[in-house]
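Following: one structure in structure tokens, then a few remarks.
Going by the order they are written in, the chains are A, B, C and D; count residues from 1 in each one.
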Amino acid sequence: MIATSTTLLDFLLETRTHSETICKPLQIEDYVVQPIVDVSPPKWHLGHTTWFFEDFILKKHKSDYQEYNSNFSFVFNSYYESMGARVVRTDRGNLSRPTVEEVYAYRKHVTHHLKELLEQTEASEELHSLVEIGIHHEKQHQELLLTDIKYILGNNPLQPMYTSDFSEYTPSQHKQEWIHKEAGIYEIGHHDDSFCYDNELGRHKVYLNDFKISNQLVTNKEYLEFIEDGGYEQVLLWHSEGWEWVKSLPTKAPQYWQKQEDNWFYFGLAGVKPLDLKAPATHLSYYEAFAYAQWKGCRLPTEFEWEASQDQLEWGQRWEWTESAYLPYPNYQKAPGALGEYNGKFMVSQKVLRGGSVATSDKHTRPTYRNFFHPQLRWQFTGIRLAQ
Amino acid sequence: MIATSTTLLDFLLETRTHSETICKPLQIEDYVVQPIVDVSPPKWHLGHTTWFFEDFILKKHKSDYQEYNSNFSFVFNSYYESMGARVVRTDRGNLSRPTVEEVYAYRKHVTHHLKELLEQTEASEELHSLVEIGIHHEKQHQELLLTDIKYILGNNPLQPMYTSDFSEYTPSQHKQEWIHKEAGIYEIGHHDDSFCYDNELGRHKVYLNDFKISNQLVTNKEYLEFIEDGGYEQVLLWHSEGWEWVKSLPTKAPQYWQKQEDNWFYFGLAGVKPLDLKAPATHLSYYEAFAYAQWKGCRLPTEFEWEASQDQLEWGQRWEWTESAYLPYPNYQKAPGALGEYNGKFMVSQKVLRGGSVATSDKHTRPTYRNFFHPQLRWQFTGIRLAQ
Amino acid sequence: MIATSTTLLDFLLETRTHSETICKPLQIEDYVVQPIVDVSPPKWHLGHTTWFFEDFILKKHKSDYQEYNSNFSFVFNSYYESMGARVVRTDRGNLSRPTVEEVYAYRKHVTHHLKELLEQTEASEELHSLVEIGIHHEKQHQELLLTDIKYILGNNPLQPMYTSDFSEYTPSQHKQEWIHKEAGIYEIGHHDDSFCYDNELGRHKVYLNDFKISNQLVTNKEYLEFIEDGGYEQVLLWHSEGWEWVKSLPTKAPQYWQKQEDNWFYFGLAGVKPLDLKAPATHLSYYEAFAYAQWKGCRLPTEFEWEASQDQLEWGQRWEWTESAYLPYPNYQKAPGALGEYNGKFMVSQKVLRGGSVATSDKHTRPTYRNFFHPQLRWQFTGIRLAQ
Amino acid sequence: MIATSTTLLDFLLETRTHSETICKPLQIEDYVVQPIVDVSPPKWHLGHTTWFFEDFILKKHKSDYQEYNSNFSFVFNSYYESMGARVVRTDRGNLSRPTVEEVYAYRKHVTHHLKELLEQTEASEELHSLVEIGIHHEKQHQELLLTDIKYILGNNPLQPMYTSDFSEYTPSQHKQEWIHKEAGIYEIGHHDDSFCYDNELGRHKVYLNDFKISNQLVTNKEYLEFIEDGGYEQVLLWHSEGWEWVKSLPTKAPQYWQKQEDNWFYFGLAGVKPLDLKAPATHLSYYEAFAYAQWKGCRLPTEFEWEASQDQLEWGQRWEWTESAYLPYPNYQKAPGALGEYNGKFMVSQKVLRGGSVATSDKHTRPTYRNFFHPQLRWQFTGIRLAQ
């Protein structure tokens, strides 16, 4: 179902504002740096999501629109090869200009013109659809914005907090239990007319064997047992490339864990605190999730098992690694043109994650949502759910 | 079904001899080099397959056996982390000793003791099973031996031939046709008591949509049309990481294709010849196979579609890239101990190939066989079969 | 001669102020980035020069001094291995904190205490000497500050100017002439009691052959002739490692030269302008300086020839590459302790530059001053003077 | 003085034979590998020295000469950029062909034609000079041949010996003493009409201060004291880049030293033996030589000090690191054309070594000979002589 222009405009404005709200606690300097290639400078996220609206919508659908600054396309294009030259990804953190103030001015300009566009015209279905994609694209970057900020602060020797009252999880009210599902045919994929990405489409049948899946995520307490049992030293628990990765780790523990004397601490958005044993373990690579499951005599669920049982799970605090590789569904069709670069071109060498996290923006995820990352990445709020 | 000791011994001796037959056309120098990390020196293959029998069988099951040379374990272990220290893979081509003659002596010694072992004793089921694994392990290396030899010779500026009468394919007697398969549940995986690897086990149901699959492989003529249509220059046909890979290619064509003036030539085991347009295209990466299929408006089959239709296909000349990632089947169990390192630890970041090739040893492949490689590799006789 | 406390204090305060004056035209974002490893973020220079005073002077010589922030030593130590752990050089641009404001507060605090220290006490000779080193150390960083700022701005796709009225050279009033010097023994090295670095000490004799040295630097006009004659394509003009370097250059021209259509432009601190043919050529590597001299049938002077004739040269606008390697003078003595890391440990694999540049701070250079860089570096205002 | 054709021919034939004599103890496999980039396969040395004669002499000076194999120029050119395309250096060990037998046939062919050429014609001065260069070029490679063989064998886990009776030094008959030299002007460089390289020419005056130089090389016993005193752990003894190099060393000791339990062993051409404490220390990098001298309160001599005192030194067992960088002498002239690439293009970033070693061929070195290597290299028989 396409939203009416009014609610679409509200949705747009709320989304544009939210990106800026996330950045409120930052110092100007925090907007600029890129400590690892996977982390983008916050001002780049603010500019890139704006460029997306300008380039895919305003330039084509608003006849009186004047490009704000012709250099910005070069600076803020992310990876759309078909949209022209761009700053290479590793260079994003080398750019002091445009300044943060200029990026905010750019945002204001583009939001103003989007507002005019949606107020003036009877929006076509195509325009509606493009604005919706732009909104969801920005929501996706809001999650990255928050996790990138966490990395920027957590990587700093001073380890400044983001904000003192940020809680990274809500305690569960239930005990751990195994949910049993019967073998049979299940339907997978998006199926109503609400928004989704192209990679969720192609509703299709899959056959699943009997399986069990845990209603709860693995906790820090449980993961700590794995560490203390020497999990990082047992080669047979790991994939071959996972073992190479383990050997390169300076600390044999999840990202943001720090040992001071004999005690584990954790850097969270609220600063460095003693490790909370009840919290769901997070900032784990797929390799770690897999090795933990092996050690436990279990396995990770497939993305189909997850989707088939998700209505019985508590989810939404951690992106959950699945055993599934990121591949097209049957009859997958890429969008035409540059938007076709959105998802399809990443469908190799990545794993699917399901669920959502404390960093996920409101209304951004859903039961059919497919997130994907390379197996070694762990700067997102990733977690582990076991299956059997 | 476990072979009786006699036939097992015949099978063993025939296999041991065949590895040496493959090396007959070589000069001593050809046994030594490692031009890329994926290619091992032929003498290493000869030693490693021998070490496998010595370490997993003779040392444990033949009470009077004396280790041939305690250093060889260090030199010829491939990747069995749990079996101790070893020469790192990239260093295999830096070792001039043991000499080729010493490796042949080592082979003779181990084969002799295996023969004694199988003749003397009533072989236990475990021993039978280990010998069978050792045989199939050596057959697997025979294929690598031949393709590694091809790379060693083809990479040389002098481009020496392997043998003048080696034909890399048998012409098909049939026209290209699409085979239609009905949607429904299919059974996948090994199902009788003949030999197979652990990764084929766990016979299980999958649901497949309607699909069409070509009875023929893509030919050089067809692939050349893709090149001439600018397939290597159209970014939207490629995966993101495939595009990076394409940019690094010195020649925008499959491995072993060479352009001299306006004509394409091909280095085969019989030497450099004009490109044979009727031959099935080969030495392609997964990225190329995928891009070709995109350009053609088709796709690659999944490994399940392939297995479900394989009895209607002509296969066995090229390993065929599938769209499937290499993952465990439901209820997959790794073998205990070091043999458990055989397959499971590679189940991430690789693609499945099905079929077999002109380099595959007799009795080595079967309809359920799952080969796997990283998507950029193309020194094997890989090929393309299309699906819709 | 040791300055009296009063003039030393004036000298100190003037130096501390000047670093901040250099940064006046910057936006906060410009203080943070590190586009290449050789360029440090401006705020790092401001903090590091302050840490040097704090760690080498205040902590040891001012009894009531409290360390400002114990983490700053980790962040602002550059390379003094003997002074403890530090942020690795490549990571300087990944740190958003301490903020620019905090760094200025740190500067104010340390300057205040230095002032108190010099006002309160009868400064010992040792203290005097340490303050003098701290001042010259900061002056050295002022030059880097300016050239690093140039790189940060010039590397940005928006190419913002630093300040519109910055002139990068003063036109010479004289024609090019060759100065002839007679063969004989010359005295080299610092010889009065004014300040100098340890690497200038050890006044000693050298024997020089007859030589000629140009009174003028090579101009852009002359260097352009080299480019247009194909200098970058003639392998025999280059050192072997220089030729490898040339092949990696995206533009076969000095740093900051840009070709737009058929015209050369140059990014200077005053922004992008057409190339000024009368200006002394600059931002050249040693490899380029050497190849240019070869092409011209000349050579570069040695540092001894330069020092022996410097009173007849106009110098001070470009650091001038010499043919000399950076080596200790006879009887060279490193300072004891951490200050001994200042110069001596770099005396391998670097070339000596003599003179000074438009970026050099007042009173920082002198006829015996020895600057040194790796041969490929060219982000400084380097230039070419020919000899025969 | 130009040798007469007869003695030149004898000299040539003796040299050609000697290269092959060095290779006598090798297995065919030993001729092929390249374990590090600095070490070339022995068959490459045999082919390259032959190509040098073919390309610089036979093709130009023997009218009936037919090129042996046009591909060999590509395979055996080392670095003469001006002589056309060539196998990149890192790829030398990836080539199994031409075989060792083919290389020997190539040698025979070229030697035969050189013999014919020198017997038939009254050799011109130019031809004489080229043959002389070819001879010295081959002698230079004979030294590399032996040290490369040592590396190939010593790097092998089986550590095969080269030959059981190879002695790597001759004990000195004298006690360690300091030789005192007076300050003054000394003449440096080649000065008669015997053969030398272009880098020794330009006999010129240098002024030297008073200095002392040891008549003996540093022994293993002395170097072991440095190790036991923690020399590899004291950062202030090392150059900055030397310290980085030390951190990457798997064993904090010279190349070929191995610790087994508490005892030091050494791999020599005669195999692995307990460390000989009386032997001159060898296989040291410049960084180690420098750090040792620092620790001892001494320094390394300059190449001029060495040359000025060499007639009072025992030398010829180890190439001796000097403090001098490899730079052109005053009035240095490169040979015209491709021969000009011989020396001059390496005159940056390298250190001079003086003397000669147990691996140096007869008549190859002399008091003015200048060897040069990058400071980290130590696969040659390098050593340490101290100065004050």
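A few notes on this one:
Here is the rule we go by: contacts are C-beta pairs under 8 Å (C-beta built on N, C-alpha and C of every residue); 3 or more make two chains touch, one makes a residue touch a chain.
All figures in this text were calculated on a predicted structure; none of them were measured in a lab.
The minimum number of touch steps separating chain A from chain C is 1. A centroid comparison over C-alpha atoms places B as the chain most distant from chain C.
Remark: chain B and chain C have CA centroids separated by 58 Å (rounded to whole angstrom). Chain B has its Cα centroid 37 Å from the Cα centroid of chain A. In whole angstrom, the spacing between the mean C-alpha positions of chain B and chain D is 45.
Listed for chain C are no residues, as none touches two or more other chains.
In summary, the structure contains touching chain pairs A-B, A-C, B-D, C-D. For chain D in complex with chain B, the touching residues are 27-35, 43, 71, 74-75, 87, 91, 93-100, 152-153, 155-158, 160.
Note for the complex: chain B touches chain A at residues 79, 81-82, 183, 185, 204-207, 209, 235-236, 238-243, 286-287, 290, 299, 323-325, 327-328, 330-331, 340-341, 345-349, 351, 375.
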